[in-house]
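Have a look at these structures, which come just after this line.
Two complexes come next, and they have one chain in common, subunit A, joined by subunit B in the first and subunit C in the second.
Now for the complex of A and B:
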């Protein structure tokens, strides 16, 4: 694995790469277009194990498209994606899930008809294996398996402080709580890489503080690598270890928050300069 | 006040995950089962069993079958009638080929055939959703109905084109054919329906049931959680068609004694769909309530004028029944678009806080 870390000498951010850290994911020269629209043009960056990596940029910069490429929703026309040292072939989203990539959505994508508990339990789907026959009988192995996973889910419920809404259908919850349940659902997958698409969008200050705390806790206590898209610059600069900035589908900066903040291209992109 | 779970503490996840975690619900179910298995057989007359209970249970099972597909997995289907027909014809062929085999076993086995055919017609569901999928299942309905008419082998080259159920005994009791007693038929139908309902309740609360609901509620997110859409949908189609097939076989074996292709027409599909919608999508109890409403209410209504001493022509009663049932369906759907199951839940909530209005 360390060979890969050495391999990144060509990447522009190599001064900032901590050599002892392993690479979890590397994106090389990826381009994605829909017909004539180029969503992503020739982007390369990497995500190291255990870091919080932010992807920022103005609206329409290709951030969400980038996440969709990472979890297998879109297939880039060019470029390669290296996941844990293996170049990834074209894959379906459910394969990405089974390899350990979990994700939350910009506009909450919970299972509206199910309770909080069932939503988080659904994150355990890949780890449950009892077949139809045992499920029908319920007594015995299926019930045992259900209880085993329920215990894990209850840990997550405790961690996110949502005990009181365990049995509430998620459709009835407030937006902030729904985002929290969605994070819980992703955590239930025990992912290696957690993709968060605007986890703080539409939240008030208090909810943002809570969410930031959860993100840091997840990162530090469970050691989960996190890639997040966020528009709140204060949050991004405080939480993330490294930031990659996209604009019009191109990468314009990559590095630690302070460095990115000072970058003239980034300032231009956000303030708007004629291209 | 009457329905309060205060003081019922659960000390294990096992107790918390029980099918009916609240004591009052368990008592209620016990009363229903006692009524169904003991009181009704003891006190009911033949008419009540043959015209009300047996068809009600058959339709309830078919409604459970469609509910699995439409209510839990979110795939709209208009082919229920045809899948029930597949079950009926398969069971008929099986019992013709193996006359000595246990007929109840043959009825259950016939579900395997309808499951296979249901899965085949479920294939388009990977690409097509909603009303468009309903149209492809409509194709199943017409194609299978055509098969029932045009393939004489299915009805043993019978001159009338109908299937007539032969006399079959199970452990010395006649359960099918014209001589079978209503009570024997009733017990067979009740056991099969109750058994399948229990097994499905288990499936629906576990991993597989959740994966169906994930697909129903947000298929994109489900896929990102590792659910394979095609596999999951086909499984729902297969399980749903299995149950519908068994219901269809029971319909002809233990209720009608004979069936023509037109017994399994699009009309039946709609009837079952109305039961599911009116009872409540995504609710097993709702399937029973919906079936009761659509089947039992008209039967009872037909007797109301006679009991009240009003002299009406039979056709007038028939038409009045149609109008009243139709109006009631519209009324209930306006009151509660989510069906009887939701009404029942609201009722439970009201009972919990009774006598206070809040």
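Now for the complex of A and C:
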């Protein structure tokens, strides 16, 4: 009698899930240039609801520019972006944020002097509805609202297992923990799409494993769609459902990890072939 | 203002003018209730609205009263039954201290099943052995990590039928045929109760026939040698010992404890479950292992238990922080600590102290001791115990001089903890106290300490041979420790009986005794002494990274790793001084003078439980270390000045690697008794 010997711990087969997924974001023929430098040339791809989508490529391939286009920081000269079925107009990053796109940065961009708690709380500011006057008065509705937000933030603290640093100023934390707090702040927005720019850069193996687990859990528990840029191929291949590969601002491959891994263009791009 | 940060320390605890029970008044009655499920029902009636459990979760102390706990346990217990748990089944409990895991134990007991708490951080094969040996049918675990661990060892534990987990995170997509969420099992129990209200009565009837002689719990001893053994303790063992403990220290339902030590350890089982249930006091579970210090400060436990290591760490942290404090603060600290050293312990022991000193001490309490105690979360501590290892006299005195009633006890899993206790006012640094209530004590011919008490275990599970070796037919138990009973009736432990050896010249060699003397220096974290059947004593030393690291920082010594710091010549010089001091001490003890340290080395890696060098309770595994570092031991005795070694290590994620180093070995001079000033030896 070995009840657990046959247990499988995998999710329901990927095929069925994929078919049901709907489009969250589509990028059509987008080009972006700074003066004469073409950062992105005619790129199209899509992100489906609920998936983990990786964007990879050698240095200078245009990955971060692509993220900046998605969250409205750069405005492409050509092409359209369709967000939840609607073609998006030119917008400011905070508008993108209020529409449900959150991100973390390649270099940690937290408020160093503030505590972990306050940093994550700041991620909720877009969700606060009481006006400045009420918040200053700090009675009744404003207080109630803050308690609600604090509850959400505590959920995230619990989720990311950072209870011990709740009251620690972020500047005093290790790099790995700062990255985790940054993820927490992005999660506080309850985004539909989470953009992670090199979430594991500069981390040691243990921190990487922790972060991978958190990314998977965010995707699974909160159902958040994730687009991530990452250089650690092992991580990318393990985590992502689909991978898009950029090189010199162009898309050279797009598909499931195993397929991308076998693609000759990708191998060439990474090993360096003269252009 | 943060509505969630409001510290609730002591909420619901002592109301103004807390009423003091006569010794044992709360605990004298439950002689009628001889099992924990029965005591639970009593507590729900008697202490119904008192807080029984707290857990910090989402930044707030969530609490449950005794009557709520009773309902929680009942629902879960009935849920377990519907999953097929039967009387006699073993239920593994794996995880950190959480109310739900404590409840699971009583829920299992209510069905006649036997809980088996397991060290959650033990490596997979150790855990697999324990679970397989105990033949567990069910497991109640904390989270995904433990579920994964259990599933991976399914082959070795064929008896395992169902796993219940507390935290659903990450487990959503697992096959749930044999896997259940704690909440859903409880909901199932509640639903059944609603459908057929008579179930509640049936549930109570189920355990009303239970006897005190039934097995209450099985605890696997950490096993300094060989495989862990399953110690079977009956309800009588635990209930009687717990009540005796409560009476001895006048503990009642108003106490607050922090449950933070491994649940598989007898200490935690007795303090956080047996004593809590019998006295009816409140058990507080910390938010996570990393927040214990903060949580302790918020709760301020009145009854506190910790191995010496915890007190050592507290003291080291204070000292390190004082080094960084401003001049005024430091001088104030030094001055008042001087006052405390002089009169603090006397005041605590109720001896006569001049009015001037008392006033000075009171001022010190206001300026230094009070804030320090608050910082450590010991402000309300009524009684504190340290056990498991010998505590450094300096450390012990430091805490007592602050006015903290810290005492030592000597105990064992096989004794349901209590063997000897230090009574209030009779505190001696080098002894572990007098026999606990109902305990008989004697020293065998070979110097081994033996005891007989109501707490003596029933036997080792499936190991009659070991039971027979440990327990005599008339109920005396071999402790395995060598000791003497001093003239004042206090027990003094020298060493593990089997570790006490002889040098080739016939002088007595008690390794632990030497090691403890070394470990009392804050710079030394661990020491391992060798010498049995050898011509002289050699020692391995582990430096304390916090203390030595802080020293390095202040003295501009750069280092990148433990290994580098350990090999630093200045560090060696520092350790050399400590070793020399120990030799001087040993020289003055006639019995031990022959066992002075002749050579020592500072190990290139920290001894670690993950590498099997320490037990999970952080005791050194002597024979294992002797085997693993055989080349270094050889070098201790062949006179070489350095030795190159390569050691395999296990990283926290289970991967293996190796570290290499050249270790230096130092020679030490030997001292003669009474050197300089005392009269010559006999």
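To be clear about the criterion, the second predicted complex is superposed on the first by the 256 of 275 C-alpha atoms of A that agree within 3 Å, B and C clash if a C-alpha of one lies under 4 Å from a C-alpha of the other, contacts with A are read in each partner's own complex, and residues count from 1 in each chain.
Rule of thumb we're sticking to: contacts are C-beta pairs under 8 Å (C-beta built on N, C-alpha and C of every residue); 3 or more make two chains touch, one makes a residue touch a chain.
These figures come from a predicted structure and were not determined experimentally.
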Next item on the list: Classify the contacts of A:55 with the two partner chains as first (subunit B alone), second (subunit C alone), both, or neither.
Entry: neither
Note to self: For A:94 in the superposed arrangement: first (subunit B), second (subunit C), both or neither?
What the structure shows: first
Margin query: With both complexes overlaid on chain A, does A:143 touch subunit B (first), subunit C (second), both or neither?
Written below: both
Notebook entry, point to check: In the superposed arrangement, which partner chain does A:181 touch: subunit B (first), subunit C (second), both, or neither?
Noted result: neither
Check: In the superposed arrangement, does A:205 touch subunit B (first), subunit C (second), both or neither?
Finding: second
Note to self: Looking at A:196, would you say it contacts subunit B, subunit C, both, or neither? Reply first, second, both or neither.
What the structure shows: neither
Next item on the list: Applying the touch criterion given at the start, work out whether A:217 contacts subunit B, subunit C, both or neither, answering first, second, both or neither.
Entry: second
Next item on the list: Scan A:158 for contacts with subunit B and subunit C and give back first, second, both or neither.
Entry: second
Item checked: Footprint overlap on subunit A, where subunit B in one structure and subunit C in the other make contact -> 138, 143, 146-147, 150-151, 154
Margin query: Under the stated contact criterion, what part of subunit A meets subunit C in this complex?
Written below: 1-5, 7-12, 117, 138, 143, 146-147, 150-151, 154-155, 157-159, 161, 163-164, 166-167, 205-206, 209, 213, 216-217, 220-221
Check: What part of subunit A is in contact with subunit B in the complex they form?
Finding: 71, 73, 92-94, 96-98, 102-103, 105, 109-114, 118, 121-126, 128, 130, 132, 135-138, 142-143, 145-147, 150-151, 154, 185, 189
Note to self: So in the complex, the part of subunit C that touches subunit A is made up of which residues?
What the structure shows: 1-5, 57-60, 148, 150-151, 154-155, 158-163, 169-170, 172-175, 177-179, 287-288, 290-291, 294, 652-653
Item checked: subunit A partner contacts - residues on subunit B that touch it in the complex -> 12-14, 17, 199-200, 202-203, 205-211, 213-214, 216-218, 220-229, 235, 239, 282
